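In structure tokens below, several structures.
What follows is a pair of complexes built around subunit A, which joins subunit B in one and subunit C in the other.
On to the complex of A and B.
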């Protein structure tokens, strides 16, 4: 084969698979802006009716769902990022007895799927009277998030030039000062990558929310969407609009910070 | 565009995984561990406390629950390890694991095959705009699985779904059917959604890998007169071992943990045609009052995930030496 033909073939494959990746997404956006009066069908284009989003927002109660999701996601991400920086700092730049063993325990936690923990978590939280609270959504997700975050920040702190830490120490800086004033300004890209990954995973979490809350007011966006689908079997357009509303925050973040998403996921990141 | 300098999944290479940071750090684990400091415990404490309370303790509790037959309300009966032997002997659970194996073909093998096809071509030509393609190919990864499921239900819809419409348009209307309602087709239909979600990641991962292969390796193969196919098997495929392992690990875990998609699209049906272990955990614990069985199943699933990831990466490592 000549290299010209190989080049065309490569572009063709890239083009076809990019198209397949994007067509269903374009399809649901088209469906979301269809004329509600017309016969709805997935992916057909019938003009742009943005008021569908307002209707879905009202009928589907998405305002409340997004509020719950925002509360849960911000709490989980903020706390997990803070705790992960501290723990990653300890594992990455300090030496203490048992560090190795403790780190492997964290690693183990990385691979444990939610499915293995969901059963006891539900009964524990029920016994504590904490099901149907935000705590039931926030606390377990911090647990799994710090396992990933600690792993991630440790890997980062291991790349920090040792001389930097030693110089700070010779200047009499405490470990606390060294972390926040010397190391963290340089760690911004690593922290940002971790933040977007945790944001995406927490925002998209479904099983935990399905099991832990029954109160409509506490339902997160993905859970709310699944209930909206259950009670709205007829109006395809509004369901599509709801789906677009739920997906939008992460997709917008992806558009702006795609390098961080891709770099994070390519490193083989998983979260329990 | 930075691609990871060293790609290794957390679980196994764990300690050694060091993504390349903009700082341009060197491979770091060659260095001695950090300075001795007791204060390390203090920094570790908050994260470890939350991790222990909400991951380790539930895991232990799951094991305890798995030794009982319990409906979640009335007093339970001690059954020892019976729930674990059921995982092997109960036909419903055996079928669920078989379905998971089928899904691995669609979630893991198919995407990696597609990724390798592209990687093989990219080894021979330089294309422009790869960053753009990468952004697009990665998009399905960031859309919430629930949204993906709602979307594909619309596509597979027997009445006015896009797939049937497409078939009618190209004159294959006789093939149009209820994709998610058919006993034989439902599982592959769900599997193909997984393929759609994951092939972009496999393509991007393997493409990044192929661009790190030293050109001299290809030159050597070409001087020897290797054609495109031989070059692929002699140079590209071995060099991508690490990336293939990462892609297979990620996608296999995703296939085994598949809950959201099944719950939204088919609820395990028709019959139990799409019932998978993760769905059985939910259904047993919260619908049919078999809490002990659900706990045992969840832990067995974890063990399978550990074993498969470990095996994939062992094979990848051994192939390298």
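On to the complex of A and C.
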């Protein structure tokens, strides 16, 4: 039992940190709906102006950016999730020669930051004639996402009782059938959490898009936002509206999947 | 249904030998219990039979077919796991039907078999529930049902009762035995609990340290243990032991040890150092002697275990600890000194060197 004093202290600390986390977001949202003419101080509020979003959308060409982002993100996440489930299943529940070494190779993909590989990657893609295409954004991100996803799904599959897999084997199920019909329905929180994380990282990827594409039509939302920022140094309101537009898809996805997301994050941490 | 034959089966994990030279014949329709302490290799043996572990050496056959290199699902066996391993997202019905659907059994046949098993195990009322909504005992019966509907050649059971509470365990023990007698499917049952082994097995295989120590009916193991390990493992409370020097005297046997001097006229003369095994029921309070008791011996009471209908008394004799059996209750407390005697034909003799039983020709026994 925690005492009342301890409890209030806990809430006070949590409250302070929540405030630190939430305040900038609230500030951005407030700024985004302010009157464009009033360059008011950060945080003040004079009526809601939702037309700022329409202005930002038009001026910033966000329709095109969001479309590019959607194409890239959906492809990367869909393919990565599929491959990660398969690889994680193999590493987590199957015994095969070289599993250990191969897994470390996967981990390498997790450890090397984009900044470290972006230059050679650019030259490779240029040689292949793939720069300035969606492939230049999709393929490298599948690589890094699968590294994380395999690590994540392997950790999940390791927590599955072995006897469940063995029971399915004795019952006559193939490995493929066992994965899709026996294990995956149980893995939903883990898979959805991975989906949210990969979606967020892919959506927010900036450096790769900056280096790989120059065609305006291929630019993704974070890149577009950055260019938009360059053009609107003074119009804070419009800039904030643009930021809100770019951030919305991730927030929406998170809100839809948050129940699973939290369950996935906690699985293994607390006994269900 | 089929017989099962282990021939010189080994299992090695690197340098660790889990099972060594296991040879065991299990008859068609037999209920065979593999029993032993943790790490004795019993579960490994079962898992090799299931095909969940590879076989490092030797041969396992189900019926006429050597199964060393045959996939688990083609061995036509069904297994009940310690944690039941029910598919959590499927209803009880789907759990039972899973293996049949995988084997492309016709729909109405699946329905028929699942209902049949549900009736037999009294789980008909839960067919629509998910495993998470079942009690431990119900889940256990569903696991049993899942094996049953398959109508396999062999049932494998890996400590299926160890997650149940004591009362339910006793009840389910009887149920498994009843079901097995009804369907007469060859069953290999692994447990570390010798009471389960004794009450359920047609025959029992006692394993220790990866080696098969003895195979026999419950009575054989209890009455004629092959060695000290089996003698100490089977029976509750366990057989107690003391060391003694044996010599022949007056056509009988004389045992002398620390605080012990016994003349056993009915027994054949043995000689040399012996390890003597005494079951609790072969050690009784002296109470003026008679009743065919040899003695008296004198020892200090170390514990009193009163179970109501019977009482076990621990006695220290010259450093050896013996358990005494007494019907009803007795007014003794630790620290008391008691006189007791041993039933000569209840004694078992083992070589102190390797623990092997020293046979006493039964014709010369008084019993």
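Please note the rule applied: the second predicted complex is superposed on the first by the 238 of 272 C-alpha atoms of A that agree within 3 Å, B and C clash if a C-alpha of one lies under 4 Å from a C-alpha of the other, contacts with A are read in each partner's own complex, and residues count from 1 in each chain.
Everything below uses one rule, namely that contacts are C-beta pairs under 8 Å (C-beta built on N, C-alpha and C of every residue); 3 or more make two chains touch, one makes a residue touch a chain.
Quick caveat, the model's predicted, so the values are computed rather than measured.
Undergrad: Would you sort A:52 into first (subunit B), second (subunit C), both or neither based on which partner it touches?
TA: Neither subunit B nor subunit C is touched by A:52.
Undergrad: Applying the touch criterion given at the start, work out whether A:235 contacts subunit B, subunit C, both or neither, answering first, second, both or neither.
TA: Neither subunit B nor subunit C is touched by A:235.
Undergrad: Check whether A:261 is in contact with subunit B, with subunit C, with both or with neither, and answer first, second, both or neither.
TA: First partner only, subunit B.
Undergrad: According to the stated criteria, A:202 is in contact with first (subunit B), second (subunit C), both, or neither; which is it?
TA: neither
Undergrad: In the superposed arrangement, does A:186 touch subunit B (first), subunit C (second), both or neither?
TA: Both partners, subunit B and subunit C.
Undergrad: Report for A:164: first if it touches subunit B alone, second if subunit C alone, otherwise both or neither.
TA: second
Undergrad: Is A:28 in contact with subunit B, with subunit C, with both, or with neither (first, second, both, neither)?
TA: Only subunit B; A:28 stays clear of subunit C.
Undergrad: Can A:107 be said to touch subunit B (first), subunit C (second), both, or neither?
TA: Only subunit B is touched by A:107; subunit C is not.
Undergrad: Same subunit A residues contacting subunit B and subunit C, which ones?
TA: After superposing on chain A, subunit A residues 161, 169, 186 contact both subunit B and subunit C.
Undergrad: Using the touch rule from the top, collect the residues of subunit A that touch subunit C in their complex.
TA: So the residues of subunit A touching subunit C come out as 161, 163-164, 166-173, 177, 182, 185-186.
Undergrad: Using the touch definition up top, name the residues of subunit B that touch subunit A in the complex.
TA: Going by the criterion above, the answer is residues 1-4, 7-11, 14-15, 17-19, 21-23, 25-26, 28-29, 31, 33-41, 43-44, 46-48, 50-51, 53-59, 61-62, 64-65, 72, 114, 117-118, 121-122, 124-125, 127, 133-147, 150-155, 157, 160-162, 165, 196, 199-201, 203-205, 208, 228, 246, 249-250, 253, 256-257, 259-260, 263-264, 277-278, 281-282, 285-286, 291, 294-295, 298-299, 301-302, 305-306, 309.
Undergrad: Across the complex, what residues on subunit A touch subunit B?
TA: 1, 3, 6-7, 9-11, 13-14, 17-18, 20-22, 24-25, 27-28, 31, 39-43, 83-84, 86-87, 89-96, 99, 102-107, 109-124, 139-140, 142-144, 146-151, 155-156, 158-162, 165, 169, 175, 186, 189-190, 200, 203-204, 206-207, 210-211, 221-223, 225-226, 229, 236, 239-240, 243-244, 246-247, 250-251, 254, 258-259, 261-263, 265-270, 272
Undergrad: If we count contacts the way the header does, which residues on subunit C are in touch with subunit A in the complex?
TA: 50-52, 71-73, 77-79, 81-83, 85-89, 98-99, 102-103, 146, 150
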